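Presented below are the structures under discussion, each in the form of structure tokens.
Here chain A shows up in two complexes: once beside chain B, once beside chain C.
Up next is the complex of A and B:
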């Protein structure tokens, strides 16, 4: 059946359907929701990074006029259970500190009052008796047996520890001419969405049901885990997410303890309770990416061939560990070797706790940590071997003819052309000429550097990866996990217009727009004839453990669901049309809103007539066909399988590629960095909407620019956060954004209906190390090495002074 | 992040404001542009019991000339000073310094007086007023008095204003012909607090001799400071690059830099050197361009 309208909308830079309502202030965010008799919560937080709570007196606070009730750790312990997490011995992580605090900002009590002002006044009147304890802030120190222990029930600060071996690294080391080694420190930074966390909860004691509004990025695993913690069946907790979420970037995919905390406050006080996280709370205590220490080495041949990687990586999830952690350590397993043909691996993975804020995925979910080590090491190997850093990459790339390519760790790369994409990046910056300019500049004591990163961009998590935290023996005792499904329902109304019901819960990605483009193409209608409701309501939507927008899922698994559900509707329309036209369905074609019998242009029936029949004259439908006109799709990717006995897993499903090429100048007097050229070339499969993709690429570049040069959750040795306001936690603004030239190479994914892959995280993985490599290249004449971030001017200046002192 | 409760007054005259200050003294804070005070109150780092909102005192909003001086009302918005043709012509260093304050929306609200009484030593206005030797006119119950920068700025976030006094006007000398000037600063991002800010003035004589040099540094001591020894080094000299290098080194000597998360003490001190040198070169270029 032909469709001449195909490709009319998908692939075009159609303007976002969402924008008008957002621009005129008619979006619907958490703070727009006002429920009858709603009260307001404020949370008392620990000023200590590590302390016993010896007592708490709330009597003065309770007496303050306007205060409706106070929830304490004692209540939380009685009313709920600790959150589950996939590690052998889980810490007792409740929604609020019970007997001990383990990071500054940890909740210790909740005040419910008539307004937020009164609630905050009441916080001042609560007296807490703390007994401070020694703190542990350093990742490596946390692994030592004599360090202060956070959780007595675990007995050490190690939450998760695994050893992995893939292939035959010993043999590779024998064959290698050189082993290059490094130690790399990756900082703790986050996402800072414009809309912080927010919860409105109520409890109906008569049907024992919670209704909880929130802005979580999906039900994902958290709906299930919160229900477990509250000790209720999942169907007794209805989650509703408003139409708009003001950004997420992963921050809102971790265990969101406040959903449980505010639910408990609502249950205890009998009130409808609203809580909005303020910016200080967000920076101090919501969620960040993990900081990581990596020891990594590469066994390399003289010609630059990388034979094996050996690494020990230690992640830090802070005072507790909560889902989806310890995913930080395991999520990138399938793409551990990046864009290269490396067969042999030796890995040690540790996830530890310190007295810092807790973690969750942060755009790129630890791929930036991984590639910071891998791609620095590739540059270091090139330097030692006297090779060009571009040449060593071309030498080791997986070649276009090798797809689908199975990595040593079990990743199944679906499609790609890495040399072509990297070459495009080199051409954009005019690489050869830049090297000449660099030489010229050095003669004038100007320090120009060129840095690359060529990385694989995994999207659509296969939830199987979380079980890597268990050994194969431990796993064998549990039921396996796997999957990546997303659900969509497409329905056509009696007048022939389409409404799509999705639950991807977007946070600004433009799903409404793309869904409309896809449906318009599939049915030959206009995107304006498609409306979309893409929110979560756990009582109304079809969802599962995998549902939500995280892991750049929409462009792959989300669009699959849209396409397949729409095609099912079209198939039913075709059958109805054929029945009414007394023709064979195979002889019909859909053109400009009408079904025609091929070769008989006078025999046709409009979409509207078909839809009208399905609703208004159900007796006229083909025998056995359902009334109405709708269909659903909820498919997991076929590649989402459980972890195998050798710890191999296809941890994601579609794999894009990013080549970053950055030219910059370092002012060696001040340590400031100025960008001269920046090429960012992406392969995210078939491009669905170039305008939206450009936004994603720019966003991921700038988010990573923040983590590389500006942003850090820094702590002093006493455990106090030094960057708990936007005065010190420096997110790049428009003024800091350099010109970035974006290029695309499209290799269609065979796993998706439209050939698309995820792109929302992309450069967040490649930019930190590309900038790091460029600064290292710029400062190489001074003997400066780069092995940690963020690279503030102060930091770069000190590195230069240290290198000079060494030389003298 | 909600402030604690406060009483709120909206006087329409300086006399009313002073009356309220006399009544409430330390319990009261004056609200002008609110760009520092409001965040401080929202963080509950400050909990004034009384707010005296002076935005209704319209006759504190002006830019005038009197003889060789500019007179600027304390309530004048920073953006108005930055864009004033009179300021740009008669005292361009002031317009330039103000352009470094925050972002445009901040300058639209922030006032000249508010920034000066806040007395943050890394602020652009305190530094440039120190360089220009501006004068602060304050009014209190006994009447008014006038204070120079050294009398006005006592230490970090502290001025010599009495609890019942209010800053009403700043008097700033206009720059004579043949003056080189610059305002340069180092900050993490555009608009961030300066790690170091430097204002320089070179008053030149015919023949390319520097009659008098002024160098003020912000961010490197509890108040903005003048690098007097470096100034003396340049006075009466034909300024060479070697002299500028030396002046920078000399100026850095007086920096009593404190370390913070963004800059170590050593870094801040060295940046004082670098930015004094850069500032002097820029000032010299300007005056040479003008010859």
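Up next is the complex of A and C:
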């Protein structure tokens, strides 16, 4: 490619190719799919958080005209196996409750009927005899031996428990001048994608094959898991995802039990069965992030150097544990020390069960939980040492010259310039001036606070990390796991137009647009000449355990696959052109749609001629070359290796950086928070499309704003979920969104073809603690400590009253 | 959810006690009560149809009067379930003569589950208070009809 073509499209805010069809209502979502003779399912759900199912009578429901069949827990137990999960003693988690319910909303039966109305009416006619049991709702109570036990086969509510030591924390503690401690509570919040879960399943008894339409984010590991649960080989289960998915954010990785459930309903009734989750079902029983209790302490020198971290973190995966959990506890292993040079760690990790809804990744996948503790502690250390919270961060940052940097826990940070990005955030808010204004405001009894978070943003999961749930000895008995591969096929047709087949399965991120930009740059063509089909069909796509859109994979490993496949096509085109021009391939250059022989501008051949030859005149191809014009790439990142014997792992493969700087004012009479300034600076490597990146960053900020100030899946002490509608589960609207100034530092990743890395989760990890730090800073004259979320006006007001009472 | 309140009836304590132990009067006064059957002494089966937004639906339930100390107090427990979910209650009703009137006071706790717990539990105490008020008002009408 000549220099004038290079970078023509990548890096530009090209408009989304997806938008026209979405704006004119021609998207293709799950609910747009109409299959012949399709029936409709409704799911009966448990009103009890913990109860034995002593009996179930479906006879009245079966008699209702239009009902085609009912699937019960008894059927599910006979027709399938519990889902496999990587913990020492797995609970028996079926697609539907078998003999016991363990959270409100757990499925207990499925009615299949001619329409959804009839199916819903039939649910009312099913009689279930429950014997309620005592509940356990508190994370720490769940670990106690006398708490009600959810799973008798486990014998306790502890699903996973590991101890880790990295470096020499004892020595670090001896050298430290100060130990700062805190206990932090992170709430259970989630994502509320516009499109909820949806499944359409059918079963063909003649070839014993399932065909299942769904809006899953994978296939990821779960196609394998569902096949295993259904007792069939993977090639007997075809998953098809429509062109458009209305949001995922990790929440949709928790939908596979419903894929199995509806598949079983289809098999039992012999019908094609559709189920579309309603909003109440989604809020009650789809999937949320984990709530976490963390005890964390930092061993610090007087000058602010953080030597060691010690923590005990307890995650709560609810009534059961299911894959990709216990990933919640291990996902952030490689970046546990965040942006800092901390060498020594002592960790205790627990994953427990309570009578709450189940969990799965939620945008940021427990990095918000991690950084809420780490970054609060950094501020607390600064306060105790009389240091500026910005200064202590600069002091501990990994420096630009230290990359690639291997963390104590095995993370390999590819690239970054943390001081530069943080300085940019400080400049945007005019930090020095803000401190002066804060002082002035305090004299007028106004409470302004400044909060930072400087965090490492991991992207591209290395599936190896789930095996951290096992001890090195237990792991040694199993085969190792590792990988992060993504596949792309690039085809050029006889007229020189390109079609790209990917299976990254986007949920609105704009992959079609970015793929077109990349291919256009690589081949010197126009993005309009590139079409993309980027959905999963497990029978006609190339995929593996790692395929899908989660852990912000696309900008790193997805684009790698696009670039490398396109370059292979270009290499073949060059060979064909050289053959036709009777030149050496090394002497050719591609410019404005033509291959030229360097130095002889009159000797050229167009892309169209080359492509036409590959298809129409195959005898003219160089000897031994395949006919047609296509290539594929399916590479894992080279850094995706198994966990080592010392429990170190590069849990993600590329690591971006986020510096959040927030200035806000707290009204101490009402507890309300008003944002004055908000800078969000990101280093996600080379920017592929600034418009799309801005959308992702803005989305991650607002998503986290919800988790910080408004959203929580709340339960009463009896285990009833209090937030099963948007009336009580408060999601921020445009009214709550302040002005956010976004900045970028571009440090190219050496691990990706274009230098780019993931950014879709980014601020969801940094915003909760940045706001927490700012509120703590604002209220520091009152002696208020911030150690839990969400910070509703009510909670802030109570904290102020408590602090005042203590002072008096 | 905790509930408590007081209500005054212009009648002797014994008359009010009898009124609050009379299944026919209770059937008429309990809001939405379609049927109230005495299964045994102090034990009732009931069917209720409630038409208020968040709790709309048919409920079938059981009530039981425990530890009666006529004419001073009894404990009332009940549970019901229906399309919108579950309700469970446990309360004490006390009667005391005040001049020519009888003061009735109640304290109790109600637990809800299922749909009504997840959707609009915030509304439920309001609805419960409204229904209780209606019940005591209707009992006044029943008292008149007994006289």
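Assume the second predicted complex is superposed on the first by the 803 of 808 C-alpha atoms of A that agree within 3 Å, B and C clash if a C-alpha of one lies under 4 Å from a C-alpha of the other, contacts with A are read in each partner's own complex, and residues count from 1 in each chain.
Just so it is clear, a residue touches a chain if its C-beta (ideal position, glycine included) is under 8 Å from a C-beta of that chain, and two chains touch if they have at least 3 such contacts.
From a predicted model like this one, the values you see are computed outputs, not experimental measurements.
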Check your understanding: Where does A:361 make contact in the superposed view: on chain B (first), on chain C (second), on both, or on neither?
Key -> neither
Check your understanding: When the two structures are overlaid on chain A, which partner does A:758 contact: first (chain B), second (chain C), both, or neither?
Key -> neither
Review point. Does the superposition put A:723 against chain B (first), chain C (second), both, or neither?
Key: both
Review point. Which partner does A:187 contact after superposing on A: first (chain B), second (chain C), both, neither?
Key: neither
Point to revise | Touched partner set for A:104, first chain B, second chain C, both or neither | key: second
Practice item. Give one of first, second, both or neither to describe whether A:48 is in contact with chain B, with chain C, with both, or with none. Key: second
Point to revise | chain B versus chain C as contact partner of A:793, first or second or both or neither | key: first
Review point. Which partner reaches more residues of chain A, chain B or chain C?
Key: B
Review point. In the superposed arrangement, which partner chain does A:510 touch: chain B (first), chain C (second), both, or neither?
Key: neither
Review point. Is A:710 contacted by the first partner chain B, the second partner chain C, both or neither?
Key: first
**Study point:** Contacts on chain A seen with chain B and repeated with chain C across the two complexes
**Key:** 280, 722-723, 725, 727-728
Study note, to complete from the structure: Counting only contacts in the complex, chain C reaches chain A at residues 81, 83, 85-86, 111-115, 117-122
**Study point:** Residues on chain A engaged by chain C in the complex (per definition of touch)
**Key:** 47-48, 104-105, 124, 280, 283-284, 716, 718, 720-725, 727-728
Practice item. Spell out the part of chain A that touches chain B in their complex, as residue ranges. Key: 116-117, 120-121, 278-280, 669-672, 710, 714, 722-723, 725, 727-728, 730, 732-733, 735-736, 792-794, 797-798, 801
Check your understanding: Inside the complex, what are the residues of chain B that reach chain A?
Key -> 1-5, 43-44, 186, 188-193, 195, 261-264, 266-267, 270-271, 274
